[in-house]
Amino acid sequence: MSIFWISIGMGLAVAAILALSAVAFTLEYAVSRVVNLAHGEVLTIGAYAAYVGETNFHLNLYMCAVVATIAGSLAGMGLNFFLIEQFRNQKALSTLIATLGASLILQNLLLIGFGGASVSYSFAQGNLLHVGPFLWTVLTIKVMISTLIVAAIIYVMIQRTRIGKALRAVSQNRDLARVSGIPARQVVMHTWALAGAVSGFAGFLYGETVGTITPSIGNGFLLLSITAAVGGGLGRPYATLGGALVLGLVMSIAGTYTSSAYQLVIAFGFLVVMLLIKPNGIFVRGKAQMVRA
Amino acid sequence: MTGRPLLEIRGIAKTFGGVVAVADCSMTIREGTVVGLIGPNGAGKSSVIDLVSGFERPDRGSVLFDGVELIGKRPDQISRLGLIRTFQTPREWRDMSVIDNVRVGRSDLKRESIWRSLVSAGNHRDLEKRETEEVRALMTHYRLDEVRNRRAVGLSGGQKRLLEFARIAAAKPRLTILDEPMGGVNPVLGERIGEAIRELKRAGSTVVVVEHNLPFIEKTCDEVVVMDLGTVIAQGPFGELRDNKRVVDAYLGNDDE
Amino acid sequence: MLQYWTAILSEAAIFGILALGIDMIWGWAGDFDLSAYAYFALGVYMTMVLTIGKPTSPVEYILGYHLPYLLAVGIAVVIVVAFASIIGAIALRSLREVYFSITTLGAVWAIYYLVENYTPLFNGYNGVYGLFDPMGGGLSYAAYHYFFFAFCLLALFLVYLVVQRLSRSPFGRMVRAVRDDERAASVYGRNVFWAKYRTYLFGAGLAGFAGGLFAAYIGAFNPLDWKPTEIFVLYAAILVGGRGNPRGVILGSFIVYVGFVEMTRYIPSPASRPELGPALRQILIGLLIILMLKFRPSGIFPERLGTDGTEPKRSLRTLFRRRPSGEESSEGLATADATGGAQA
């Protein structure tokens, strides 16, 4: 019985990082109507930035987090400026393919820069603690707390500030927003900066939790973020959050019965089932309206 | 207004997420007629078209097309029975040539299997030649001959509307349902479209036209069906409707919304 | 020297066949399928486990017969198509555009991880090997080399004839119509799912066939040889050559394969960093895809318009002429319902 709770506990921790990544992914979709297949690479860039900060500049844990966040933010803005905005008037599928190209480029640049072997952070994990029925390390607890803080920040930004309102307007109808006086391009850029920052931070958390990183960790993140976002509700932060939670739990529970290599397979199975039953997402109301003919 | 019933809509209804789009709608379309379907915005006209052509499924009721129940059939199955509908905006196949657009409209579905397409070489060429001749004749008739080898996406709005008619004519349907064919159309083109509808009738198709342009309806249609609030409130020749209080109320009343 | 070129050209021919199959699914039907490489890999694996006989421990894999090579290829194609019929039935039923692509992306990675980790299938990470000169008979090494090259070219030519014919047929026309506007196609009596499904199966079959040829070409196959990202090279080839145009696709395959192989010969890869060369290649592929999409999405040979034969013949000069607006394809233009379904 306790294994079940422990696995739920680990599931929550994994879900925390996944939630951040998925929410960033969904924000990118919300504001630009783009499925960003280079999303995983933004995370990886953040993770490596923190690594550089730690090994080359000997920064402490918190500074490395900041470095990762800034790196992610720059990466997100760069992607938007050089790619997404360039393809704004093209079909969604063309933009998708372009982000695939960007993913290829970024991943291999990292490969050239850092080599294919895994590198590791050397932050201490801390002791194990019992929190209720769950078993966590101090580091894991820090991860989850910081996730909650970031989620709260995002909530405040989107719901309460003017920027948040502008984001929602641009997300619904960009031209209408522009006509209403909203500087759409700026809002889009700010959103990508935010999404990139969150992604970079998530990459750092991942490196911290797992310990080692390689240039290709983005692939797994991308797939899981897509699954969580599409499964929960693409373009909607709260629905995506819910999707991440469900996915994290599903994978963790499944992970106690099979080896971790199959977790991605299970996640994919979950995605397919979701797309077939409720393509708009679990937490989105309304009939599925994918295809008419 | 004789002629046997070709399309019989009996008591169909449809609610979309709490909004009643169609509520107990019934009408009979007789073979060989041109019927106008009019009514204020929100009356349910386009919904009825979607329900009849299989793009939406009614909550209840039945639709008989020459005795065959249409409800539950897919759009492609329904159109294979001889029913073709248009949409409010022209839907040409943009990256294909204009002549190919009409070819696909005309095409014999049986020739489109992979096997047939690869194997029957002999009469393939003769069939293609005959097809091209017929299609070119249609293009000339609709003044599209000049642009026949161009991509459909480059046509003007008016040409796209004419292309739709050429495509329909090539398909030789038994029933044509036109959803606001006059949308954004200048008067000269409007005349041409009216003529195209009469040609469809002469070629043997029954036509149902949804339109807001009442003078056009008066000129083109043998009979008119009026809808309001999801149901049919009157059916008959245009002249009679002017004196129908319910019809007048529907149009005037809804203008204040 | 000659052997070097025949080797590269053989490989380019095999990938030309694969590209023709993928182009059917993407260029003709408009479905951006990211799992096509799985069909190719399955074709390779099946051909091998049907010809190299029983596994000897610690190697393990399924089947393990000693069938004649051509028969094995035929069976492999059938198995690949059967596999594709399941995936296609699920993915094409209600998913379009971006959602379809995401699903296929997940599928190919899932299959990849499965094959890499579940060794009883195809020996996992280490892969299978042992297919040498399957049609060799008594030929010398060099002679077999040229024979196989001729065989690949012949296969490509035959596939080209079939695909070209299909492309210009009523079937080809109908698939493009379904691609351009599904609703309008269904209004004219076309079963959208069935059209895309048949195209999908045919394309998958070609991918499996290419895999069968590749098995003979390479002799050994493991997951490193078919990382799902390899499919971008093929899409780059199709983009460059001209999607929806079989001649263009073949041209693009040769340009990209030969061009890139040749180019990376001149980029030094220091012994201490062997991943440099391949990484640079991938970066160039990514750049190529982005640039082509942005500036010339229709490729060198754009998809042929079905005319009535009275157009002036296209010469090389007309290729580079700026097209009058009537001929510009809608390739780049965003449309209202381009994002694959109703969004919130």
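Think of it as A, B and C in the order they're written, each chain with its own count starting at 1.
We take it that a contact is a pair of C-beta atoms (placed from the backbone, for glycine too) under 8 Å apart; a residue touches a chain by one contact, two chains touch by 3 or more.
These numbers come from a predicted model, not from an experiment.
**Student:** Comparing the two chain pairs, does B-C have more C-beta contacts than A-C, or is it the other way round?
**Tutor:** Output for the comparison: A-C.
**Student:** Tell me, please, which chain's centre (mean of its C-alpha atoms) is farthest from the centre of chain B?
**Tutor:** A
**Student:** At what distance in angstrom does the C-alpha mean of chain B lie from that of chain A?
**Tutor:** Computed from C-alpha means, the inter-chain centre distance equals 47 Å.
**Student:** Taking each chain's centre as its mean C-alpha position, how far apart are chain A and chain C in Å?
**Tutor:** 31
**Student:** Measuring from the mean C-alpha position of chain B to the mean C-alpha position of chain C, what distance in angstrom results?
**Tutor:** 41
**Student:** Where in chain B do residues touch two or more other chains at once?
**Tutor:** 55, 74-76, in rising order.
**Student:** Pull out every residue in chain A that's touching 2 or more other chains.
**Tutor:** As it turns out, chain A has residues touching two or more other chains at 286, 292-293.
**Student:** Where in chain C do residues touch two or more other chains at once?
**Tutor:** 183, 185-186, 192, 331, 333
**Student:** Residue numbers of chain C touching chain B in their complex, please.
**Tutor:** Those in contact with chain B are residues 162, 165-166, 169-174, 176-177, 179-181, 183-192, 198, 202, 303, 305-311, 325-331, 333.
**Student:** Give the list of chain B residues in touch with chain C in this complex.
**Tutor:** 53, 55, 74-76, 79-80, 84-87, 91-97, 99-101, 103-105, 107-109, 111-114, 116-118, 132, 135-136, 147-151, 153-155, 167, 171
**Student:** Taking the touch rule as given, give the residues of chain A at its contact with chain C in the complex, in rising order.
**Tutor:** 33, 35, 37, 83, 86-94, 96-98, 100-105, 107-109, 111-112, 115-116, 219, 223, 226-227, 230, 233-236, 259, 261-262, 264-265, 267-269, 271-272, 275-276, 279-280, 284, 286, 288-293
**Student:** Help me check something: in the complex, which residues belonging to chain C touch chain A?
**Tutor:** Within the complex, chain C touches chain A at residues 30, 32, 90, 93-99, 101-103, 105-107, 109-110, 113-114, 116-117, 182-183, 185-186, 192, 229, 232, 235, 273, 275-276, 279-280, 282-283, 285-290, 293-294, 297, 331-335, 338-344.
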